[in-house]
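Pasting the structures here.
Two complexes follow with chain A in common, the first pairing it with chain B and the second with chain C.
Right after this comes the complex of A and B.
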């Protein structure tokens, strides 16, 4: 296997295959990339129930960014059940247009407990930002822990909804509603979209957090609303930069990343100890020896 | 507040209020009781969907044990949502008959992530066993992580089902089916019970694990099947003792207990560190200092 040093050198010289190899090493837990070394990049989390059109929205929004000459990457987090560990990834067949325009697209399995995001998602974000991508989408599947987790890694969170899916109740229940910065009413060409929009506006009126939240109607069929969506997303980022909140979001991501890494390594260290006959204090001491001795 | 030493002395002298106070201290994370100091006790996990009659089954089965002159305790794990932390316990109004016959009944909140069992459940089991209770029921609500977790703390696992609840599919999906040692078809006086029993037998026929698994029909209305259930449960315990598997189950509980404790303390230690500007190796070192410095 090629050494990490050589891969890193090639990565720094703009070798996209080295980037991919490094992400794979991070997924396998053999390497971690802690700091992107740049400040100017925007992580856009995109979540929402199945079938609402998340990929299509990313597709259209990314195209708008590309028109502005911006470099775009997409991390798609696929779920894997708590018992299977493996992921049913396969090749990503959608988003083909983006591929041909130089967008980097990568599927990652969510290996964490109950489908949460693993630390490798943070590695990948850092690697992509360090590589020069300035708009990084993180797409989650809209069902479970990964969607709550996305708030810990993204600077701006888009919640995509569509009329007649009945998903708003599910999403409300799961607590995903509260974490979004921008609500996208997709398939707004469908008649019932105005009903969904009405529900959303009513819900946001009840919100007392004082956070600025926007609703944007989009339609992939009519190719409508994506310029507005781009402006709203860009403005959210600009506002965070000028208010200094961006630093807070990045601190949150680092803390999340560190916590995930620590918990994973602690679990591995603990699994390697024979605890028979040891009391808790003895186990703690042995655990720390293993944990600190473990190579990154 | 009364010191732990005084409480422990009273506990050892058979003071049930001291027992309760110690369990509360464990729930609050202020104390841990690592070893019961006895071998002869049987932890019976009882799980199943809402409305299948878990409490009634425990009620009748406990009565059978009481008739044999055995001391019985019940830990009922109530769920609390991942966002609320608190629990909606209230006083336990069921099982009143047991209370008057000297059964110790205690509700515990499942405070862990996504409703899993917390370390305090293991503390409580150890405290109850050390106090002289030889049949300890752990009841979980049959929806989520706590039910998977129960396999890590119980010696024998009862899965209670009832006809016409449609819960078998849910339970299969959640992976709870595989963890049970005894399947209780409750409400067997209802006509559709034979259909459920048929489904269960078919499912167990497909099981290739080689584990011994029993199905028992019960009916609280007819007060039928509980003598058989008691025999099956007692035989499962006796078989584990003679085969030595009981030691394996207790090792599993200790490992589970230690893991829960470690993860909780690591999280607390990590939350107390300012990680700004530190790299992962520096964070690990500081974390271990905090972790080892933390008092139990």
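Right after this comes the complex of A and C.
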């Protein structure tokens, strides 16, 4: 295994192998990359339920960015399994043409982390920004109502929705519905999409937070709506830069990153605990026996 | 946390039968590996680029079109050109007389119909274990 110092030097010289290996080291918890060393980059979080079209939306939207000549990278997270910790990472299937256009795509497994992201997303964002990518997509796992960690890492959050996933009661629920900067009504070629759009418009009318939130209709099969989506996303970033909110979002990410590292340290010290010859698992079992009278 | 085995499973060329690739990908997943599945009709360029970006330990190719000599040759050439050095395993419909030729070219192993999934898992573990 090549040393980290050599990898970092090669990374700084623009070596894509070194970038990829460093991300692997961060995923394996052997290294952390805490600062990108640059300011001018935009992290676009893309979340939403399974099958709503997150990867396909990224594919079409990234193509619009490429037309403008910017450098694009994608971090796509899919779940690890609970039984063998294996993963089937299938987001590249929807982004077939991006890698021939110079987009760096990295699939990541969630590795037991709840919240919709994986263990090394922050390191990877920093590594990609430092490498010169200026639009960095972070695609979450197919998210549930409470998978909201992406709000802690992205500058702009797109919530991708598709028609047919429930009535407006679902839309009124707290959690993931609240974190979006942009609601993307995907599959808008399907007739029921207009109902979803109407429900979202009603939701935003009720919103008194003063946040600027937009709704954009897209259709991947018709390649429709992505020029508008790009403009909305770009404007959101420009507004954050001029209002200074971008600094708050970056602080939020740093806080999340540091918290995760600390939690990991705590978990590791728990895992390596040894009291009277008992490890953490054995202590838990002993306590269960003692207080509940049952084995675990 | 420990090191995970990452495998790229790709289907180069023009045939559209990906059931085999999916079955193998599923088995590797259940064996605890992280499988990056690229889907159908990948060019050799796309496969090598994906393998570099994903920092995989192994590449698995599924080929049923009969174009295995050309596709494998092109992928091996590109890997050499870019400096990527990982074992390639090929599965699919490969005539016996081509199996040895593929291995001479640098393909690690070739699997035909009826191969047990546990053999593929073991071979990958062995190949990766030897490299780490």
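What we mean here is this: the second predicted complex is superposed on the first by the 246 of 296 C-alpha atoms of A that agree within 3 Å, B and C clash if a C-alpha of one lies under 4 Å from a C-alpha of the other, contacts with A are read in each partner's own complex, and residues count from 1 in each chain.
We take it that a contact is a pair of C-beta atoms (placed from the backbone, for glycine too) under 8 Å apart; a residue touches a chain by one contact, two chains touch by 3 or more.
Just so it is clear, the model here is predicted, and its values are computed rather than measured.
Contacts of A:24 after superposition on the shared chain: chain C is touched, whereas chain B is not. Within the superposed three-chain model, A:280 lies in touch with chain B and out of touch with chain C [touch as defined at top]. Legend: residue contacts after superposition of the two complexes on their common chain; A:106 is shown touching chain C, with no touch to chain B.
In the superposition on chain A, A:229 makes contact with neither chain B nor chain C. Of the two partner chains placed around the shared chain by superposition, neither chain B nor chain C is touched by A:129.
With both structures placed on the common chain, the touch criterion links A:154 to neither chain B nor chain C. Counting contacts as defined above, chain A residues 83 meet chain B in one complex and chain C in the other. Here chain C touches chain A in the complex through residues 1-4, 6, 25-26, 28-39, 42-43, 45-46, 49-50, 52-55, 83-84, 132, going by the rule given at the top. Per the touch definition, chain B reaches chain A in the complex via residues 32, 34, 83, 113-114, 145, 175, 251, 254-255, 258-259, 261-263, 265-267, 270, 275-276, 279-281, 283-285, 287-288, 291-292, 296. Looking at the complex, you find that chain A touches chain C at residues 1, 16-17, 20-21, 23-24, 27-29, 80-81, 83-90, 92-93, 96, 99-100, 104-107, 109, 111, 119.
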